[in-house]
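Two complexes, one shared chain (chain A), two partners (chain B, chain C).
On to the complex of A and B.
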């Protein structure tokens, strides 16, 4: 492929734009470190760049594990974006999925132990999908803005799960949910690849699901219909698509993805429990930047999730030098801001190029 | 229910409702001009953080209402500064407004916590509350109304009502308001009538930033003395109040108070013998404000009055 062809290639353009934007964000981060502690700024910055690798194979394994839930909530938000919906409710769907998985893992003792984790994960998918469906149904039939319902459902979900945990799977002494020991996810060899780390089959599932979502969105009629409704509801109805059904299904799939994320994280044998406190699950909100960085493309979201996970591990190890890990969030925020600008800039250049071409013809 | 519990409930409702009112009115200016500002949450955080930090530094030399007013100005300025970035991206670059808003929502709490820990060593910004007005002279003597509005209050409450009154007049009775609304409904038509769409949108977004920044401070002052780098989702709730209020000042007032009252009941129901005697689990009470909002919207959303061009970058070629 010669260079001019390469420069005109669309995916090459977006990848190179993303890299420039990331470099800009890293530079601003370095500046912040320089201002706050000039002597150790360079060392701190190197730790950020190394991310999970600071901790060797164990660090990399933990990085993969940390990326897993945000890949799934990122997929949830990104999938909704692709179908023209803004799912800000991944937090609620995530925690309902987590509860369903824990409940089944702890209480459904009649299921053989080999299958329990699989059943529990299905439970988390169903719970998330049902929670997402509420927003979808209200949007489709009553024209209620999905942004509001999903914000409200985040809070309702949080209180509901606290209530359910206390009444069904409560560890009174620790004020949290009981560990679903029988349903812990298998390690699937990941513990041999990354000794002593938290990573398990969940990461593999997240990647497989992302590829599956890519195929559904890009290669099937079903995915095409969902996207078409997102672009233009009226035109889709005219083309014979059942647009109400599409909206509900989109929200259900988005909810299922977030719910699965909750199930996978809370079935990991890492001591993660639902604590009975009035705080929304942050994993849901962290999915929004991941989806945006990945340009809502499921494959892009895998890399975006890994990138954010990598940076967060860097932030974790950076505390050795007494730096505050929030600098990572600042850097990611700046990267997202610049990417908003770069997207707009790209479409501006494309319009200009089209206009110029039109004139010469 | 005794009369004093009723007064207490109303006073508490104010603490929840007034910030929602102020921030939702801010969001209204922005959306009416055609720019969706989901960065209200982040703007509240940054406004609260900088102004409370200012308070923290100044309280050795100042106190009382003059310090509060100065801090309010700081909050307004900070909010405008942050929202400038949103305006720049959405207006100059025609960027996706959700992306730019999300970036600011991510930036604000991280910046607040990072700066607080770097400067003070701890995440919390503490301040002394010397702003409570036990009784407003004369006005508190009015029967009933005096107890409701002029006792155990803060000047921020009155500021909220003034902002509401100004918003109503500006939006419906001034040339500026008409132009602002035109930019949010049909910017191409507004442009052809000689209105500077970009300028109007800048003004709309900057006002939303100013009010959201102020709302952050107003939310924190009565309810805490240590700011923790977060406003508990109030920016998103204000967005919900804005939509619930159908982008109109009067209805926003109603929505903000409805939500504030629900929130108060859910927080203070143990003090109301009647509600306590029902024996409903506390979780259900805590859900009520959110559940009630959804139910009401289910029956009122069929016709949405959203500004038609909100969220779309202005493209003069699209006439």
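On to the complex of A and C.
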């Protein structure tokens, strides 16, 4: 009786579908390990499963730090998706946020050192939001597809940041940005919990922001408007919602989230710098699978981000064995492919639920 | 017993709803067998079972006396069962010929051999008198011809059991007559037809026997010739239905909405969609804007509700000029709008029923505190409306509106618009695509609203509706009002003359 009740619960159906997908993905991943290096496949697989836990508390801390930026870019993609927009421009928004944070951290020396990191983070939020707003405005007023504009803005953003870095915060000897030492994020006690790891207040901020996004989407009238516009723009207009404003705000929030991710990562004291190369920030694109795996639910995205971070750490530790590092990327990719099937699993669970209910009746 | 199709004790469940509960359908060879029921009665589900789209939980299907299992539409096709769906399944940028042969192409050495197919199609279209142009592209031909293409598709596959799912819903009166002739012709040639509908006139016109479903249950099968329309509708709805609309004398009050010299430029052509239109809507009356589709009614309503900007003229509501006021101003100060397209404008299909019922009021203090949604009052509101307006759904307030039947979706919109306590209700084709019971319900709601002193502006294409419930009629033709008539004094024929632009009323002459 209880099982059938559980199986009929809507959120249980979604969550269990994601979990089935992950398990299947892991199984296929194991097959790939077997093919690429049969003798060490099982050892390698165990390392991946242990992920961050391979390195004790330090590994766990690094795992949290690793998942922090992709939780935020995942939120960026997921939030836009919940409101009917496909934000593929998280990469550009991310790197603009990163630049704004570094610029403020390095150049705005007039701000007291205690507040500098906070101001720098606000800078990253504003920069990301403005970059997202461009796609939003074009979509709202000219009905230009946001996928196209945001892809283009990724490249524009990357080159613009390269240009800006060289002209404002350039470390000529290393061909990268200057370290924003004065604005490094505080550790907030995370270094005591996870000694010698890179984790800092950024992870806490990411989780708090995710919860905030959940509340906005599910509990407020503002979120109700954004979702209504996402599901049916015409009906929202009919209902008197300002649908242009909603679209622009959605994209601004999505951009702000990605920008904050960039700010948090580049203000960490881990030696991450903007390098002046022609490569898009991968964190932006990794947000897409994280959002998918988390079913665009902000709380789900926390766990999806942690999971991908965990796998990444597993891949890091797996380098002890004789595996090419790309294998881990292939495994994550497989899990993403499977997650596209999660709808099929959802209906499978529904059939199971019906059968069970039929028996108990 | 000479049955071509026997569906015995079929049961099919969906989450929260039993769509078919122990239903039996027996179709004789060479008959037109009508399947009658309200929206959501389970007609389409039953046919989807027969066509292999759904697998039933219980029951057996016999085709020509042999028990069969139908797991997919191909299996149904192999058994000679074909279906014309309510929404046609045609490839829009393919030709008629290509659509008909799609999936059963004649091939030689891997190359298409269209010539033979074309000959066969021309022969078939002559035999059954189905006029089509084999080389025309689907998107260029009329809806009626598209339907004939669907029928030819079945004939080309040599199906002899033909299912028609609400085939007349999309057709003009002339096309309906032609379809009826085609159906009779098909039966003469030895085909058997299952005809899904909720229109009693059509059943009377062509069907031999009729099986009735109600709320997923089988009610019975009767001979059409010996059963009256009233008896059939009673079987379908479960109670007596009054075809005549009873209403009291209108108690007309002051003007509440006044349109003065309104003009809107067309998006499609260079002329005006609405050209210098003026009228007054008064409290306690149902004013009907009649006209053939596409003569500016849609644009007029969009202008009144704020969905479309006005290019000239003014709209006064309670003596205030609202020509340039926002949509929200209008729908929160007493102008309700039952939109023409309930899927495009009326509902957010992926929201729940409870969410849709507060679509325009979610921001009121009643439903939120400091921007946080008050879920309890939202739920209470939904339960209240569901009870009061008898909105049926699988899971109550948390049902996704997408999964509800058309009639209940419309009831939800009417409930929401009426419950706002409006002064003006603009109802655009509020009964389009609905069954007898739902139409009666909506007409009664509109008349009740009128009797409560509210003003109703009804836009309708159905002449019987126009003449049945309105207190005053204005006719629109090519964006202009060409006449202002009294429904008790005008005949259908005369109204038709106004609607086709061949007659103009006094004071509406050409300038």
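Side notes on the structure shown:
One rule holds in what follows: the second predicted complex is superposed on the first by the 343 of 361 C-alpha atoms of A that agree within 3 Å, B and C clash if a C-alpha of one lies under 4 Å from a C-alpha of the other, contacts with A are read in each partner's own complex, and residues count from 1 in each chain.
Note that in this section a contact is a pair of C-beta atoms (placed from the backbone, for glycine too) under 8 Å apart; a residue touches a chain by one contact, two chains touch by 3 or more.
As the structure is a computational prediction, the values presented were derived from the model and not from experiment.
In the superposition on chain A, contact of A:63 is made with neither chain B nor chain C. Touching more residues of chain A than its counterpart among chain B and chain C is B. Legend: residue contacts after superposition of the two complexes on their common chain; A:311 is shown touching neither chain B nor chain C.
Of the two partner chains, chain C is the only one touched by A:234; chain B is not.
In the superposed model, A:292 lies in contact with chain B only, and not with chain C.
In the superposition on chain A, A:220 contacts chain C only, with no contact to chain B.
Contacts of A:120 after superposition on the shared chain: neither chain B nor chain C is touched. Contact with chain B, but none with chain C, is seen for A:138 once the two complexes are overlaid on the shared chain.
No residue of chain A lies at the contact with chain B in one complex and also at the contact with chain C in the other.
Those residues of chain A lying in contact with chain B across their complex are 32, 36, 86, 88, 138, 142-145, 147-149, 151-156, 159-160, 162-163, 278, 280, 288-289, 292, 324, 326-330, 332-334, 336-337, 339-341, 343-345, 347-348. Residues of chain A that touch chain C in their complex: 8, 219-222, 224-225, 227-228, 231-232, 234-241, 350, 354, 358. By the touch criterion given at the top, residues 13, 15, 57, 305, 307, 326-332, 337, 339, 344-351, 355, 359-360, 362-363, 367-368, 371-373 of chain C touch chain A in their complex. Partner chain A is touched in their complex by these residues of chain B: 85, 89, 93-96, 98-100, 102-104, 106-107, 109-111, 113-114, 117-118, 233, 236-237, 239-240, 243-244, 281, 283-284, 286-287, 290-291, 293-294, 297-299, 301-304, 306, 313.
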